[in-house]
Each structure stands twice: as C-alpha cells, then as structure tokens.
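Each in structure tokens, the structures are laid out below.
Each of the next two complexes has chain A plus one other chain: chain B in the first, chain C in the second.
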Partner chain A sequence: MIRVEDLSVRFGDTQVLHDVSFEVAAGESFALVGESGSGKSTILKALAGQVPVAGGSLALGDAAGAMTAKARARQVQMVFQDPYGSLHPRRTIDDTLSEPLLIHGLPDRDTRVLAMLDAVGLPRRFRFRLPHQLSGGQRQRVAIARALMLDPPVLLLDEPTSALDVSVQAEILNLLKSLREEKGLTFLLVTHDLPVVSFLCDRLAILKAGRIVEMAGVEALRAGQFASPYGRELFDRTVHG
Partner chain B sequence: MSLLSVRNLRVTFPTDHGPVDVVRGLSFDLGRERLGIVGESGSGKSMTGRAVMGLVPKPGRVTADELTFDGQDLRGLSEEAMRGLRGPAMSMVLQDPRFSLNPVIRIGDQIEEAMAVHGRLGKRDRRARMLDALSAVRITDPERVARLYPHEVSGGMGQRVMIAMMVVLEPALMIADEPTSALDVSVRGQVLDILADLVDRRGMGLMLISHDLNMVARWCDRILVMYHGEVVEELAAGALMEAQHPYTRGLVASLPKIDETRDRLPVLDRSRL
Partner chain C sequence: MTTRDWLLSDDPETRMQARLGVAYRLARDLARNPLAMVGFAIILGLLLVAAFAPWLAPYSPVEGELANRLQPPSWTHWMGTDELGRDILSRVIHGARITLTIVLLVAVISAPLGLLVGTVAGYFGGWVDRVLMGLTDIFLSLPRLVLALAFVAALGPGIENAVIAIAIAAWPVYARIARAEVLTFKGAEFLDAIRMQGASKLRIIALHVMPLCMSSTIVRVTLDMAGIILTAAGLGFLGLGAQPPLPEWGAMISRGRSFILDQWWVATMPGFAIVIVSLGFCLFGDGLRDVLDPKQRSRG
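Then we have the complex of A and B:
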C-alpha cells in the first residue's frame, strides 16, 4: 500500500533523508520512531506531497506513479499533532467536513457528514459548532473525521496524541484502532512514544539522522529486543527515564 | 520546619456565571525535597505554582488560611516585596525555552542581567558566576555558549540555560512547570538529572508540575495528584501502582505500556468520579 524506495530529501544544502526504503502492506500499521530532527515527519510530508523529493521513488495506495494533488487526496490523508492548530478557527465542524466532498464533487454531503460524526464518536449536535467550543480530544476526533471524509485507504498520523491528556489519549488511540479494523485502513504513524507503537502498530522503523537504523516487529519492541545499539538506547530511555 | 506551608489555598476567577474556583482548598508542606504535582489540563496544577509565586494574572484572586515561605507570610505582601523574593528566594522554570528567553539578548548577558537586577555583585564577579552556573547545568563550553543567542541553541540547551538563570541567584525554592514537555525524550532525563542534583547539593525545595505521571513518579520524593482543583491523593514515590483513588488508578490504567497487549485501553469514566 505504501512503498518508499531510496527516498532522499534535501532542504538547501542539507540532506535530511538518506536513501530511506520501506514497505507497508495494505491494512498494516507501521510506525516511524526517532528523536526530533531524525527525519520521521519529513517522510510523511514527502508522502503527502508537501516536500520535494530529491531522489528515490514513492508509491501510494492503489495508483502507481505520479499523481495529481486531487488524486493523491483520495489515496492518503494526514492527521496532525496539534488539534488546536490544524482546524480552521472560523469554520464550523460541518464546513470542515463538507469541504473535501465539495471539492471532489461527491453527493449526499448531509448523510456523509452525519455518518462520519457517528463513526468518530462525536455527538451530532456538535455539527455546527466552531473548533474553540470543543475540547482537545473532540477536536482531534474532528481532524480524524476530516481525514476520512474521502475514504482514503492510507492515513498518515503525525504524533496524533502527544498534545492530548493521558485519559484523552486512550480514547483517541482506541478510536484509531477501531476505525482501522472497521475500514481496513493502512496507518503510517510518526511518534517518539514507544508504548503508543506497542498498542497501535504491527511493525516499526527506527530513524536516526535521516537514516533507518533498524526495522523490527512489534514483538521485538514488547520484549525489549532491538538488534541495533541505538534501538536499545531508545528502549532503555523509555523504560528507565 | 518546612520551606513552604500552604493551607486551604484558593484561586478564583470571575466568569459570566459567577466566580469559579480553579484551585479549591489546597494544603501541603514542602521541605527541601522534590514534590511532584500531577494532573491533567484544567486540574489547577499550574495555578497552584503561580499562586505561590504571586503570579496569578488578574482578575484572578488568591486566598489562603496560610501561605508561608521560609517563615515569611506571603499573603498581602506588596508587589514590590514579592518582586524582591522572586529570583533570589523562589524561582520558576517554564515549559518552553523558546518563549521564555529574550531572543535578541546573548545568553550570557541574560543570565548576568538576572544578577544585576537583584545583585550587589560587580561586573567581573557576575561574569564568573554566570560561567559557573552554565557549567553547573552541564554546559561543557560555557564561554562559547554565553556568546550565543537563544535561537542558536537546541531546546534542551535552552532549558538548561533557563535553569542556569535561576541557579545563579541560588533560590531556596524552585517551581518547575512542565520543564521537559517541550523537549525531546533523549534530553528530558538530562534536564531532570540537573534539577535533582541541584535539590540534593544545594538543599533546594523543588515543586515539579507535570501531566506526565511516570516521569513524576520516577523523579519526585512525593506526589500530589490533582483533579478539579483539589488534591485527590498523595503518594510516596514509586507507589504509583498502589494508588487508591479511582482517578489516579484510571489515569495509570489508561496509559499504554511498552509491552502492551490489551486490545482496547480502559477509558476514564468521569461521571463516576
């Protein structure tokens, strides 16, 4: 569902990704972990078409090769870290959820918006509210709903719960897991939080300075058995502070 | 005698629907130790720290039956007297160094300024102390870092600079409000280490305010768990797993574990609290 081969990204003279390759099967949930500056979010941005690719190839969803922005939007959508910054403050929830349908000329907007509110566990009475009238967790539900409006097979999740309170994080993680099971979604999750990976993902890649240093199954994470020294270092820091 | 005694602390804000208490009758004592205050957004943990510092923004009101710092009653102290205490006697480290350092002043000059405002030291002594403070927060080349501007250092180093700025004045009480949540996991431990070291060696009292249960449980001697402006539970360090209150237990249970195998995470049932 996602194939990344020898991906390189440069910002000016600085190369931020060096020959990154990995594949994610349909319905799989894959995590990219690493410190700030390791390039994990840049991979998501490259897949979302937000940064120019300097080398290598990307394939996404059902289509192969180059895609128009509009076609890409049907294949992949992103959920961002900060639900306070990722929703238009002066548009109602209804506006936010209807916009992708309008752009893509899809019918039955009314039914689809209501069905999506139900799917992400938001009461229907929130439909005409503005983002500031919602809590952080409710806003993140709206962001997830917006990402799913066009029924993309792939969701890119950039630290989707790290701005949320612990108890709200649990609700959103449960929601993501249910949605993935119901709709057969493919997840690519960026996080620095290994326990979240343990809950939500099947496999992970550990990044350091723009390179993948290790790929492992979630069993290796749960058992604390990473092969690379850097992987073990990350694990130790999480477990022992 | 404890460094800080708080009895029945209340912080009240007026709203359209009448006054709302964001801190509701909080009492605790702090010695020369590490006290953790944990809670979620809106629990009143930050307002507690600000109330002690005399930094509750208007129109908020602070009342208490007792608010004693180092034998001195803080209630009704003039703004000028509070300003004399803030810095040399009690200090606060905030969440994000990018917003709490002045972007157009060199790091060394900012630290010296803190001493100049409160100090009796000459220029040369101030400089020596500034370099000492940077070394104390484990900056290996203080001479070079002192010449840098805040945007030229990483988040972790910025936070250490913030701590250095507090340390030069040698306060007895340090209030750290989410000191590591803007930092990368890899440098969090380092910043906490430095804080812990300062408490142990200089005999400071530390109030660590955070939403991160595990971190607080690992780093503090005692933990107060706050919910809705009240302390619902007090725990000894390492006793997080023995928590009794349903709120604390709910929070602990809802955290994913590194060897997570539960299919769904239990969600806090707020209606039953």
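Then we have the complex of A and C:
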C-alpha cells in the first residue's frame, strides 16, 4: 500500500533523509520511531506531497507514479499532532467536515457528515460548534473525522496523541484502533512514544539522523530485543525514563 | 426557550442558528461599549440624513436668493446662508449623500483590492510577495493626498475621479495588514490539512485565508473612513473633488474661506459636519476592533 524506495529529501544544502526504503502492506500499521530531528516527520510530509523529493520514489495506495493533488487526497490523508492548530478557528465542525466533500464534488453531505460524527464518537449536537468550543480530545476526533471523509485507504498519523492529556490519549488510541479494524485502514504512524507503537502498530522502523537503523516487529519492541545498539538505547531510555 | 437562549445555544441545530449566534454575540459585545454606540449613532444619523435628504432639507441646496446672502444663523436659516444666499443647513444635509457615496465607494474598491493583494503576497511568498509588496511600498511611500491629487490631475476633477484617486491611494495599507496577518498563520496545520484535501489555491485563499484577515481589514477600513472623508474634503477644498454647485463639505469650506473673518459660519458649519462624522467612524472603528480583535484591546 505504501512503498518508499531510496527516498532522499534535502532542505537547501542539508540532507535530512538518506536513501530511506520501506514498504507497508495494505491493512498494516507501521511506525516510524526516532528522536526529534531524525527525519520521521519529513517522511510523512513527503508522502503527503508537502515537501519536494530530491531522489528515490514513492508509491501510495492503489495508484502508482505521480498523482494530482486531488487524486492523492483520495488515497491518503493525515492527522496532525496539534489539534489546536489543525482546525480552522473560524469554521464550524460542519464546515470542516463538509469541505473535502465540496472539493471533490461528492453528494449527500448531510448524511455523510452525521455518519462520520457517529463513527468518531462525537455527539451530533456538536455539529455546528466552533473549534474553540471543544476540548483537545474532541478536536482530535474532528481531525480524524476530517481525514476519513474521503475514505482514503491510507492514514498518516503525526504524533496524534502527544499534545493530549494522558486520559484522553487512551480514548483517541482506542478510536484509531477500532476505526482501523472497521475500515481496513493502513496506518503510518510517526511517534517517539514506544508504548503507543506497541498498542497500535505491527512493525516499526527506527530512524536516526535521516537513516533507518533498524526495522523490527512489534514483538521485538515488547520484548525489548532490538538488534541495533541505537534501538536498545532508545528502548532503555523509554523504560528507565 | 427564549430567542436569546436560542441564539446563545452552545449546540446550534442548523447552520443558520450558528451564524446568527455568532452575529448576536458580536452585536452584544459591541452594545456594551458606550463610545462605540455613540459612533454607531452618528453613523446611523448620517445614513438617515443621507437617505431622507430631500425631505429633511428646508430649502434647495443649489438655489438661493442673492438678497439673503451671508445671513448669520437664525430661526429661518439655522446655519446661516452662504455668499449666494443658499441655506447652509440644506447644503450640509445634501452633502451627507456625497460624503457617504465617496466613503462607501472608496471602501468597496480599496478594501477588497488590498485584501486580495495582501493575502496573495502573504500566502505565496517568494517572488510574488516581493513584486506585490514592492508595488505596495511605492504607493505607501507617497502621501495619500498628494497621490490622490496626482491621479485627479491626470483623470480630471469630479467626484468619480476623486473616488478612484482616493481608492488607489488607500489600498496599500490594507494589503500590508492582510499580508502581516497571513504570515502569522501561514504555517498552521489547518492550511496543510486543506491542501492535503486537494483544494485549489484559489479556494484556499478565498475561503480559508481571507476570512481570517477580514476582521482586521474591516476594523482598519472603519478607522480609515475618517481619513477618507478628510481626503475627499481636501480634494474638494482644492477644487479637484466635487464641482460647483454640488454641496460637498470640503468644497463648501473652500468657498467660505474668503469670508472666514466676518462670516465665520459659512466655513465652520460644514467643518462641524466633517468633524462629527469622522469622529463617529473613529469611535465605531475602535469599538469594532475591541470586539473583533481582542488581542489588541485598548486599555481602560
């Protein structure tokens, strides 16, 4: 479903990604783990079409090769880290959820918006509220709903819970897990939070300074048995604070 | 459930109710500011006077009796008469129409133009930004009245040309403000999100970027109305705005200048009108800013 081959990205003279390659099968949930600055978010942005690719190739969803922005939107959507910054402050929840349908000229906006509110567990009476009338967790539900409005097979998750309270984090993670099972979604998750990975993902790649240093299954994470020294270092830091 | 509760409901049931609720909150906040209400009353008064000018004015604004020239204020002529024996009150009342036309036309032309230039420059950045802002800087570097004078001189005197000239001189400020506003949220994730949905650039700028710049532009336009009135009056005073016998306030002051020592009312009465209306727009604009833009709330 996602194939990344020898991906390189540079900002000016600095190369932030060096020949990154990995594949994610349909329905799989894959995590990119690493410290800040390791380039994990840049991979997401490259897949989202938001940063120019310097080398290598990307394939997403059912289509291969270059895509228009509209075609890409039907294949992949993203849930952002900060639910306070990812919703337009002057648009109601209804506006935010209807917008993708309007852009793509899809019918039955009312029924689809209501069905999506139900699916992400938001009361229907919130439909015409503005973002500032919602809590962080509710906003993140709206952001997830927005990402699912076009029924994309792939969802990119950029630290979707790190800006939320611990109690709300669990709710959002459960929601993501059940949505994935229901709709057969493919997840690509970026995080530095290893417990989130073990809850939500099947496999993970550990990044350091723009390179993948190790790929492992989630069992290796649970057992704390990484092959690479950096992987073990990262694990030890999480476990022992 | 009262209408008020319905408007203030946290859970509106329809789009309409949500929009009315937002509008009601704005109006309520504005009504709590007494100075803004004074400004609003003045503007409302101007609108009414302009709308009903032919019925309110006791005499004709353009015809006078020469036998009655330069009469001081009295019960028959509340503001006196001018050098052609015309009733000044009637002229001031009819002048409200001209002033309102100029102010509205300038606002309608220059605010959208400035908003468009500013948001496009801010959103695209790079060379688009440099070119548009370079142009804006050139217009900004010239004093507004001088620039308007130059355009009127080129286009010929008259109200329409005065409007065009003032509008050309007024838009750069709005462009600057809109651009600055765009830069504050340009990197926000809600714009990344809308780009990921495949929205066209036109759609993003018109529906997602512009609404966020709208309130600061509206506030600025209201505050600028006073300046626009003064510029129009200045052009009229110099004989480049409205032409005789139109009762434009600035032109009236200009005619009254020759008698200012002995017949003070000829120049003073239209001057009062300009001051009061300008003040009204300033007070209302200040109140609007407090409501729409709580970040810059004035102290006190």
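FYI, the second predicted complex is superposed on the first by the 241 of 241 C-alpha atoms of A that agree within 3 Å, B and C clash if a C-alpha of one lies under 4 Å from a C-alpha of the other, contacts with A are read in each partner's own complex, and residues count from 1 in each chain.
The rule is short, and it goes like this: a residue touches a chain if its C-beta (ideal position, glycine included) is under 8 Å from a C-beta of that chain, and two chains touch if they have at least 3 such contacts.
Computed from a predicted structure; not experimentally measured.
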| item | value |
| --- | --- |
| Clash or fit, chain B versus chain C on superposed chain A | fit |
| Chain A residues touched by each partner, larger count belonging to chain B or chain C | C |
| Angle at the Cα centre of chain A, taken between the Cα centres of chain B and chain C once the superposition is applied, in steps of 10 degrees | 80 |
| First, second, both or neither for A:Asp165, with chain B first and chain C second | first |
| Which superposed partner A:Gly136 touches (first chain B, second chain C, both, neither) | first |
| Chain B versus chain C as contact partner of A:Asp82, first or second or both or neither | second |
| Which superposed partner A:Gly12 touches (first chain B, second chain C, both, neither) | neither |
| First (chain B), second (chain C), both or neither touched by A:Gly105 | neither |
| Overlay on chain A, chain C to chain B nearest C-alpha distance, Å | 14 |
| Doubly contacted residues of chain A, that is, touched by chain B and again by chain C | none |
| Of chain B, residues touching chain A in the complex | 40-41, 155, 184-186, 188-189, 192, 211, 213-215, 218-219, 250-251, 254-268 |
| Complex contacts: residues of chain C adjacent to chain A | 10-15, 17-18, 22, 188-190, 192-199, 203, 208, 211-212 |
| Complex contacts: residues of chain A adjacent to chain C | 48-50, 68-74, 76-78, 80-82, 85-92, 94, 99-100, 103-104, 125-126, 128-130, 133, 143, 146, 150 |
| In the complex, chain A residues that touch chain B | 35-36, 136, 165-171, 173-174, 177, 192, 194-196, 198-199, 221-224, 234-235, 237-239, 241 |
